[in-house]
């Protein structure tokens, strides 16, 4: 594995899952692997879970971590070609990426979509340019379109909690209301990873919230949330803004909030969310405080999956 | 020791003091103890001394540290139960604490009182909730009502500098003026720790600055500063705002500033302060630049006492 | 070596260069040297390259690093003597430096000139006071008047890329336009270090941009940029504001921007810059994307030169 930007960078998902599982059993088992290797974590917008879990994963491998909060540290990066840089942008991404590539063996980067211009967001230009100019393995810490470290942890958690090891689980991805405009990155990559696992995937959301068509062609789309939830083994709750009417909030309908009532028709489903979760908006208190919820276990798995990815990248590239 | 929130969490203070003393003699003597253990330091308001000393203490034990400046990183935490989170609060403390508990073996947290509502501040709800939901040992890095790591370092410093090892020292805690509204946390816990040590404790301050009565019942309160200072072995200077007229500044009277003149009536007293100190407002230059002052030595002891606490928690819990 | 503030702190430059070269060949060769030693990096203004390269240098020696962004963390430091601190300044530099000196074996500090008052800036009072009160080796991470870690890396890079090992290279320092007011620190110390190396140094800039006279007396000043560039082996490009008309921008003349055209009269020169560089303002795209540019290699050398300095300080002081 050179980079980790999406499921397409994973040649053997089952092997990688096995690696994460072994790491969970013995997190410090490979403490020498990362010695003298440095992970640069670049944030273009704030992060709590992703930073801490990836930092811990790196430390567990004996790596050192350098956190770079580009925005907070006042470093405005130019990305366009040919500009005369006589304004507010202090440095061009060509130099910034190349220099960070000299200081860090592996670069993790979180970018966030503007959610105004779909074509621009979906081009993932910052991520692409960091890969091109840093000349180092790049790990997405969530991009405009995907959040692969999250999805990998989601899959690991489903594998741990599925009741029948020989049957593919019925997984429902349900939209839920939220006060702010959020990207499609988490649902997009959840769809990619669950389909790669051959899970039965049902996606439910109000009209107008369809994800990019090419991603969801092997999933079932069901606009009736109650019907979608019937027989579910796992319910993955998440808000996102519209893809077709790009970046718009089309609904804040609280009847989509996941409550304990709604879980009665499931197959005693486990409830997941990438966190942070807005209580009683996205998921009700009664669900989060029941045994249905595995959101904390899911968050813990972020360590082991990140560690599996870093460990694979070190082994393959250094 | 499970948590470290106040003197009540210390079962044997003399043993813990001995531990800190041994650590000071050989700070790296237990460099393997914390290997693969992670300390999360959460700041709800800024810190210099506490962050650096606790970080160093953890590094001395071979731990890794993850600093979380919740405010700066724009993560607004909901603490009330049952709210519909459709506003500015991004995450509930129930999830935030639980997740950080999965990423860190020990959690240090600094909270700061609002100084508007005494009942609310003194309930220490954030600290209590972090303990409850993180399921990890929690170390107070200063809370609304106490600053136990500071008080432990204060006691260690008094033990080092007391002239007669067989006599209990006469310790004066004196209020001093300050331009800003400050909490009672440092004096509160200084009182608790010095009384636990059976020191002779005299507290002096203008009328209206009485600390919570239950804390000071074994101390002498003397409203005349000059009289209070007579024969003192140690003078601990600190500003705080009113407890009875909660959070109010009742006086900025500079005649309470500790000057060299005032020390003449003491028993050649050592002068202490938790720092940062406003020069010539709280303590005069001539005191801070004399041999009376042991404020820097006191600050250094923050390392060894924090290290003793972390070391005890690791030994008792992992 | 006790401190590292300028070339004057280096007793044997060739020996230090050799040390940096050996470190580059084997960066982890001395991983035990810094064990249990702590580097405090204090920033009074933001830094990317200096922070990351120095952090990595310290990690390569097995040190731990504590970053202190004084401004961001809201810690306003008083530097004047005798003030009654009843305003916005939270702590006096006397205490701040002394305490950080108890928590860190080596202190790196970046200060930035106000660029209003030359006498004040050139007195380097913050740096001086940190040295005086911290009682620890102090490394300049760029001060008002110098940037010695940068200059050391510049020299190392010139030594690597010079064509004829037996001839002193012809080095041109050229001013270039920039939209913001910048200090003279980088050109000042570049002049000092190159002259110490006995390079042939030509400085070119518009009238009014003369550096402090005592620094440049062994260099050639040539106001015609084209003429200055003739036969150059290395072209060091940098903007600075006026020293005589202190802190003023006297020109933004884009005819001074370094382009590929201008390099034709050089001796196939290598082009250097300390970064960040404003593309097409300071240096044109066509230069930065040609083989003439060694700005990224120069940035990488920041690691090894910082590591040589830290390593020398540890060896000489602990």
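Order of writing sets the labels: A, B and C. Residues in every chain begin at 1.
Operating definition for what follows: a contact is a pair of C-beta atoms (placed from the backbone, for glycine too) under 8 Å apart; a residue touches a chain by one contact, two chains touch by 3 or more.
Note that the coordinates shown come from a computational prediction; the quantities given were computed from them, not determined experimentally.
Chain contacts here are complete: no pair of chains fails to touch. Superposing the C-alpha atoms of chain B onto those of chain C requires a rotation of 120 degrees, given to the nearest 5.
Residue numbering shows that chain A and chain B use the same positions for less than half of their mutual interface.
With centres defined as mean CA coordinates, chain B is found 40 Å away from chain A. Multi-chain contact residues of chain A (touching two or more other chains): 72.
Across the complex, chain B meets chain A through its residues 35-36, 38, 40, 64, 66, 68, 72-75, 78, 81-87, 90-92, 94-96, 98-100, 102-104. For chain B in complex with chain C, the touching residues are 27-28, 31, 46, 48-49, 52-53, 55-56, 59-60, 72, 179, 252, 275-281, 285, 288, 295-296, 299-300, 303.
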